[in-house]
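Every chain is named by a letter (A, B, C and D) in the order it is written, and numbering of its residues begins at 1.
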Amino acid sequence: MVWVNAIVQGILLGGLYALFACGLSLMFGVMRVVNLAHGDLAVLAAYLALAVITGLHVPVLWSALVVAPLFGVVGYAVQRFVIQRSLDVSPLTTLLVTFGLSIVIQNVLLEGVSANSRSLPTGWLASASFQVNSQLSIAYESVIVFSVAVVVLSSLQLFLSRARLGRQVRAAADDLEAASIVGVNVRHVYGIAAAIAFATVALAGVAFGMYSSFDPAAGPQRLIFAFEAVVIGGVGSLWGTLLGGMILGVAQVLGAQVDSSFGVLAGHLVFLVLLALRPNGLIPARLA
Amino acid sequence: MTAGPLLELAGVSKRFGSIIVADSLSLVVRGGDAVGMVGPNGAGKTSLFSLISGDLSPNSGEVHFEGRAVTRLDSAQRCRLGIARTYQVPRSFEHMTVFENVLVAAYRGAGLRGHAASSLAAGVLDEADLRKQANSPASRLGLVQRKRLELARALGCKPRLLLLDEVAAGLTEPEVAGLVEVIERIRARGVAVIWVEHVVRALVGMVDRLICLAGGRIIGDGEPLAVLASPAVKDVFLGTSYGEASQT
Amino acid sequence: MRYGLLPALTNVSFTLAAGETVAMIGANGAGKSTLLRAIAGIHTPTAGSIRLEGRDITHLPAHRRVAAGIVLVPEGRRLFPSLTLEENLVIGSVPSRRGSWNVARVFELFPWMATRRARPVVYLSGGEQQAVAIGRALMANPTILLIDEMSLGLSPAVVRKLYDLLPELLAAGTTILLVEQDVTQALRVSDRAHCLLEGKITLSGRPRDLSPSDVEAAYFGLAKSTAGGRG
Amino acid sequence: MIESAPSATPQRVTRSRRSARWNAVAGAVAVAVLASLPYLVYANVTGVLVNLFILLSLATLWNLLAGYAGLISVGQQAYIGIGAYAVFVLADNGLSPFLAIPVAALVSGLVAVPASFLLLRLRREYFAIATWVVAEAVLLAVLRSDSLGGGTGATLRGLSDLDPALRQAYTYWAALAVAVATLLGTYLLLRSRVGLDLTAIRDNEIGARSVGVRVALAKGIVYFVAAAGAGAAGGVLIISQLFVQPTSVFSVQWSAYMIFVALIGGLGSIEGPIVGTVIFYMLQQTLADRGAWYLIILGSVAVLMAMWVPRGIWGLISDRFDLRLFPVGYFLHPARGTVKVKS
């Protein structure tokens, strides 16, 4: 029963990782950019949510409705003015530039809010859970986060497959030049993809802040977990990302079951082994 | 010298998804041969070069060089065995000087060291008429000089089989004549040459065998003018019913 | 329309009149594709200018040229593999230009498409893919349609079928610039033809005024007098 | 039979356009002056310079990876940490910490060999993050190890009976030696045929392969050298601090330092990281009492440089003055007089 519990918790944790990963996956799938500042953006979003909650006295879920759209706008601007420019220089430059942004965000946070760790106040949700049986209890929070992840992934999937703009995103991901000659404004579409990615990472940041405490240096590990989920699941495949997140979550929780300090390491080892065996991920697929 | 063929392709096929770039190709080239290759866009000429040079590995079939199976060797290994190629879009080392570009080839492709390597490189630059540019970075060369650098770098590998992919494209008439002279000299040293070119007149003047490729298959192989005159080849180049059109 | 210098092209100038079909023939490597891609806005010419109805569009990005009515059917089809057949057509209407083309009319033109509308395009044959590429371009209601190597990799029967569609497109007043290796087909359907060799126009005229031997000579670059010799 | 090379006209090859003798003399003088500093200045100055030398070594090696082999690693801190812990273990077993530095370099290099089999197969984005994951995995393994002190860290033994002034001087010389060895090693590597291979690979990997360059081998050599150098720097680090704390020695902050320094100074030249280190040092000193601001400014400058001045400050300098302190090129001259003539 201990193991069943671990697997259930791991799967639910995987929802959070998938939420982190879908923006990364989208940006890599569409414009071949790995945003190394991804995790730090999530942490930044968590701090912003905290400011909204304490400033406006609203519950945590409402703060997400403020932070996510704001991040969307920022994402569009960052894509058009920073990432696009570095893409024009060389693909290596995007890595260096986003890494630089990562360090800058971390240290701005460090200066602005100190290194103390914080967490988002979730009120009664914090301790609420339902008991499946004597050994298996599930926290409402994890269920909410998992559901949010599934809803976000489904909406994204729906957007890409049905919406006019979503179709343009897929076309630009398939063939940049062909997209431009059928009249798609590729730079705008890239901006839209980045806006979505930033909005989802903001949601992930808020969810993360509900789940556990955070501090300015928490970003890189979020990035790594997100990337591991993407690679395990297969780049550009959204449902693969959910699967990847769940595999990573289960590996971490099972690892922690063996030895409390072995959890994260177990996740890394699963990732490295899979990377060695299948460099293209479990479900190699095109976007959507 | 061995009596066997220099290069032998046996039933080589290569697909990219549903596109077939080489359809069970078989081909024999002997030492010192000068072979021209023509074909419409997408006929698979450059892919065939890549299959010979090792930039691509075939889905099926075997490639033998001097009697040795090289199908599973990469392009660097094949180069060190004596197969050198040029690329249609030059792959110069932009931030290195012209001399250094060729020197890498002399060190690695030809396996020479020290003075022997720099002598070879210098000689090759003379041959390709790039001696004056020896110390300027490759990024400063114009397109025509870049094409010459491609040739020089391939020669720097001291190949026994040289694959030339459109080295004459964009050259003026006298430049093409000069290039043909250079390639004649290379041939005279016993190096086999396979030359893909759209400037058909450059080819016809120099090769003693012409291969026409279409749809990943060989549709003509033999004496150049005879190949160009054959109905199958005319069909591929000038259209399905060119004969009909010319009668009206 | 005027057109100038690119590395692969030297000082090429020509004009298109509304409603005519012009063929650009020549061996590969002659610069034909480069020319079409420059008109479509993928490359910017190093010198010279491109004008559409008197307006200078030399520096207009590709997607805005589509909105202005210049639409390219690219070499190798360039369909979107992760989009279905119908989506590949629908995305052609992104610039939302006014006109009579829509999915239903494309299906009228190619009835087989209707039954396979939800299929990914990778499962279509080469000829079918080419038809989708043409349909996609028509969805933008082009005033100038640029067609690059329509016959490439297709069987003669399919090529003929595709070319037989052109008059129907022309009926809508569309101007067509064809780049083609299949000389016979190109000459059959065009009002005027230019032969491009090594980046220069070497021969121009109405198809009926061009003799087959002139075309052959211009095409291979073998001057008639030396074609028989080795030199 | 095939004739050998086409006959070459008489020629002579040098490694720089001008004579490099004065560069060598100036370099030797600079090293001699730096080496005599412990006799001339207070220990707080040499203490700062120790950190500067560590950074210079790391940035030089990262530049070798990224600027020459095109390998963007954000996980070199793995080898810094391995080097530091190797010195700790060796000193614990009675070896002098100073003598342990070269051994630590070797240990780091040897760990890099199996890692390189996994990492060098990956494409650039995958490579970057996988190096980071490897560094995290090593950190987590160290945290779990009681014999290495776990999360609390480890204190270096074997230097307590040494006079503090002498210890500081020895530490300074060790740091200087590692920096000089790194620069000289990088210079010699780039001057060798491997250097030519690397430049060719960076400019055009397919082209390099097509002229016979063993791409995987060349990248493997660079990865090994960069890991060994980072290990040596880590060894100096533990000696200078007498203590190693795992989350700090394995911190990605190290990657930030080396990347920013190399980007600002200029990727793809030996001089770039030297220039970058000096700028870093000046900025750090100016903003010393303003916490993390120097990193924020440095990071922002590095980002802007990467986008708008990809070859960095040294790129601007060398373009304007045609200057090279470390000539690694080959120049072909017509022969003069009796110098090596071959017909």
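The rule we apply is simple: a contact is a pair of C-beta atoms (placed from the backbone, for glycine too) under 8 Å apart; a residue touches a chain by one contact, two chains touch by 3 or more.
Just so you know, these numbers come straight off a predicted model, no measurement behind them.
Greatest Cα centroid separation from subunit D: this falls to C. Between B-C and B-D, more C-beta contact pairs join the chains of B-D.
Between the CA-based centres of subunit C and subunit D the separation comes to 54 Å, rounded to the whole angstrom. With centres taken as mean Cα positions, subunit C sits 30 Å from subunit B.
For this pair, subunit A with subunit B, the centres built from the Cα atoms lie 49 Å apart. Work out the mean CA point of subunit B and of subunit D, and you get 41 Å between them.
Of all residues in subunit D, none touches two or more other chains.
Of all residues in subunit B, none touches two or more other chains. Residues of subunit A in contact with at least two other chains: none.
Viewed as a network of touching protein chains, the structure reduces to one closed ring of chains, two contacts apiece. Contact between chains, as defined at the top, is found for A-C, A-D, B-C, B-D.
By the touch rule above, subunit B contacts subunit D in their complex via residues 1, 53, 55, 74-76, 79-80, 84-85, 87, 91-97, 99-101, 103-105, 107-111, 115-116, 118-127, 131, 134-135, 153-158, 160, 185, 189-191. Against subunit B, in their complex, subunit C makes its touches with residues 7-8, 27-30, 75-76, 122, 149, 152-153, 156, 159-160, 181-188, 198-199, 212, 215-216, 219-222, 226, 228, 230-231. Those residues of subunit C that touch subunit A in the complex are listed here as 40-42, 61-63, 66-67, 71-72, 74, 78-83, 87, 90-92, 94-95, 136-137, 140.
On the side of subunit D, the complex with subunit A involves touching residues 66, 70, 72, 74, 118, 121-122, 124-126, 128-130, 132-134, 136-137, 140-141, 143-144, 252-253, 255-256, 259-260, 263, 291-293, 295-296, 299-300, 302-303, 306-307, 310.
Looking at the complex, you find that subunit A touches subunit C at residues 164, 167-168, 170-171, 173-175, 177-186, 286-288.
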